[in-house]
Every structure is written in C-alpha cells, then in structure tokens.
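Chain naming follows the written order as A, B, C and D, and within any one chain the residues start at number 1.
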Amino acid sequence: MGDNEEPQDFIRVSPEKLSADEVSQLVVSPSCGAVSLFIGTTRNNFEGKKVVSLEYEAYVPMAEIELKKILSDIRQKWPTVKHIAVHHRLGSVPVTEASVAIAVSSPHRNDSLDAVKYCINALKATVPIWKKEMYEEEGYTWKENTECFWRKKDDK
Amino acid sequence: MGDNEEPQDFIRVSPEKLSADEVSQLVVSPSCGAVSLFIGTTRNNFEGKKVVSLEYEAYVPMAEIELKKILSDIRQKWPTVKHIAVHHRLGSVPVTEASVAIAVSSPHRNDSLDAVKYCINALKATVPIWKKEMYEEEGYTWKENTECFWRKKDDK
Amino acid sequence: MTCEVLVLYFAKSSELAGIRSENLTVPQETTSKELWEKIASLHPRLRVIQDHVVLAIRQEYVTIGEEVIKLRPGDEVAVIPPISGG
Amino acid sequence: MTCEVLVLYFAKSSELAGIRSENLTVPQETTSKELWEKIASLHPRLRVIQDHVVLAIRQEYVTIGEEVIKLRPGDEVAVIPPISGG
C-alpha cells in the first residue's frame, strides 16, 4: 500500500514567515484522505483599540519540548493521525499575517479535524510563547491566554 | 477598525488544481484571528485495493446552488464567521492531490473550526458531485458517501 | 398537456443510460414516481439504482414518490445517483 | 551547599527585571517558593506578577509552592509569566 511511511512530527519556532501550503505539503500522505489546518492571524483590533502588529517571543527549547508533548498526546488520542506540523512565528507579525500554522493528516477527516482543534487549544495552554499587542495610538499590552492556568482569573 | 468588510463567499467547482494558500488568502481578514481549513486528498488505497486516482464529475450549476445553501446555513449557525471559500476540483485527481479545499475565517478560532467541519460534512451529504475510484489492477467503483441519505443502507 | 424537458444523467446513471442528456416529452403535471418510471422504461438498466436514486427538478432535489410536480418546457430534470463529493 | 544556575526572564518578567538572563548562586536544595523569593528580592518589580507566575526548572514547569527542588550547577531556571502563544 505504500503505507509503511512512519508518522512524522514537524515543529518549528522561528522568525520565518508561515505558509498554509508549506505545512499542508509537509503532512500530506498517500495513505491519508484528509489534511486539516488551523492558521492563527493577527487581528486589527482589540477592545476598540487599533492593533498594528503582534510581537512574539519564546523560550524556544522549552517551547519545542512542550509542543512535542502535545504531539505525543495527539498520537495517543488519535492513533490514526499520520503527520503533524506546527510552525510558530516569532518577532513582529503584522495584521493578517500568520503567527501559527498547524496541519494534521489522517486517513479519515474527523481525526485530523479534532486533532487540530486539540493542538491549538493545548498550545495556548502550555507552550512558553508570549505576544504583546502593539497599538496604533501608542503603547502595548502583554497578552495572556485564557487557557493558561496560572494567569490571574480576573484579568482579560 | 477596517471592519466594514462585507462577509464574502467564494465557491468554485472546476478542473483547476487546488491550493491551501489560495483558499487561505481568499478568506484572511484584518478583523479575524483565525483561518481554519480542510483539504480532502486522494488516498492510495481502499479495502486493500491500490487506488491511482479519483475521477470527479459534478452537476455544476446545482452543486454551486447547494454549496451556497451550506454557506448560508453556516452564517446562520456561526454569525461571526467572516469569509468562506470552497473549491472543488473536477476530473482526474491523482494520489495526494486535493479534491476539495475549504477555508473559513472568524475573529475567534472555535467558530471557524466548527464551521469547517460542518461544511465538509454537509458537502458530502448534499452537493451533487460524484467520484469513481480508479484502481491500479483494473476497473473502478462509483463511490457513495455515507452522508448521502438516498444511498442504499447496506452498501459500503 | 405535455412539454419537453431536458433530462440529465450523471455518474452511474449516465453510464447505465448510455447518454449524458436527452430531451423528453412528459406530462406537465405528474408525480416524481411517474417521471422516474417514464425514464426507467426508456433506459431499463437504470432499474439497478431504483432504490437509491433521487431526481433534481430545476436543480432542486425531489425524492421519488407521490409528490405532484409541475413541469414547464425546457425544465431540467436530473437523475441523481448517490453522491460522493469531497 | 550552593550552586550557580542560569536564570532566564521572558516577556513581562524580562521587562520588570530589566534583564533577559543572569547567573545566580542558590541553594542546591530549596523550595520553588524560596527560589522565587530570592529572585523577587533581587528584582522587586517582579512582585506585580507574583500571583500569576510559574517557574520552569530545566525546562519543566514548577508552580510556586513548597515542593522541594534539587538544583545542579548550570541548571536553567526560567521565570514564566502567563503565556500567550498562538
């Protein structure tokens, strides 16, 4: 069947620009009928303030370790998942450009669709990456994901 | 906010090759933080038989009408969804190439993730498109989606 | 009262009928079952999909049954075997 | 017994401390709370994130509390404010 391909994980946390085609091509497999993707992009507004970019930084080696744990969890939960690619961009990400691109292949679609959703939720909860939102007027805010368990509960 | 952009629908049912970047770029929006995608690709096997390609045909004008209905349903169910692109390829689609590419943008990720899943499920249930699976050995099979309500229940 | 409609065949129905389209003269008021019987009597090989086929009249699905259908000259009637897009 | 570890600061914790990394001499056996107190006493502005910060010891999360931590020379200790990747 040409299906002796080993499942592969592709993790990248770097300043490189992201591409839907690139992550999609990394995971596509002859034995799979489905590729599901999630692309996180910079929004132009937050609570009425105009946003011009997001600035990302990471604890890179630990971010890679935490991503590997998530990918390992995905393989436990969805054993039919074939390849997984997670690319996270660092540095300045202007409005409409991508900060994160996730692609997952699987023989049938529900596994990759569910795995992508799990992956982005877990990434937001556990991977040591930070962004500040840069406003048009002036100033910035360090963001805090609601999924992060040690953030103060009363913060936005 | 630059958010006076009208939501747009992009539907294409044609022999053109599909690209994740193309549908992603169609839907990306300054007011959205999320683009979710699903890409359906040709698998190399079915029940032990080697598949070399899928051959698609469509009742094109009706397929476009049925896709418009699905997109309208998505906008009812997920009012924050911004742009939606559904591209379906016709003719011969070799192994690992894409037959369908769906992209949805939304301010927050859950809406586009859920909308993409709904879209591919609905497409399989209602859009008049057909494929036959071409086998390496010889012969072919007209496929029938399990989601299609008028298929015989005892068929695969 | 009869009228001429355009009947379209797709995928397996096209293979079984041996054609992709034809003009047929049909009653202006009929049921989808009568319409199917007319089509199937012209192309008896279509009987093999009888229990899993629907029609589309003017590009709207109509299941085969007793529902009354009004047809006008030039209307499209499509024979729709189980779909498999995606 | 003490040892020298590398303390890393990120995002808001780096802004508050005014540095991105430094070497610190710390007890080889301590609790994460004592370790945090040592770091916060050197950089009092870090107190503003006291209730929503965790540490990472050798790139593994450790919440601030009474858990005993064993440190070795050269270990990485990171001050991790709430994350916001994605």
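What we mean here is this: contacts are C-beta pairs under 8 Å (C-beta built on N, C-alpha and C of every residue); 3 or more make two chains touch, one makes a residue touch a chain.
Not measured: the values here are computed from a predicted model.
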Task: Separation of chain A from chain B, taking each centre as the mean of its C-alpha atoms, in whole Å - done: 23
Open item on the list: Taking the mean of the CA coordinates per chain, how far is chain A from chain C in Å?
Closed with: 48
Open item on the list: Report the inter-centroid distance (CA atoms only) between chain C and chain D in whole Å.
Closed with: 74
TODO: Starting from the mean Cα coordinates of chain A and chain D, work out the distance between those two points in Å.
DONE: 26
Task: Of all residues in chain B, the ones touching two or more other chains - done: 40, 120
- [ ] Considering only which chains touch which, label the overall pattern as line, ring, star, complete or other.
- [x] line
Task: Chains that touch, pairwise - done: A-B, A-D, B-C
Open item on the list: Applying the document's contact rule, which stretches of chain D touch chain A when the two form their complex?
Closed with: 8, 10-12, 51-54, 56, 59, 61, 63, 78, 80-86
Open item on the list: Touching residues of chain A toward chain D in the complex: what are they?
Closed with: 40, 56-59, 61-63, 65, 88, 99-100, 120, 123-132, 142-145, 148, 150-152, 155
- [ ] Name, in rising order, each residue of chain B that touches chain A in their complex.
- [x] 1-3, 19-21, 24, 28-45, 50, 95-96, 98, 105, 107, 109-110, 113, 116-117, 120
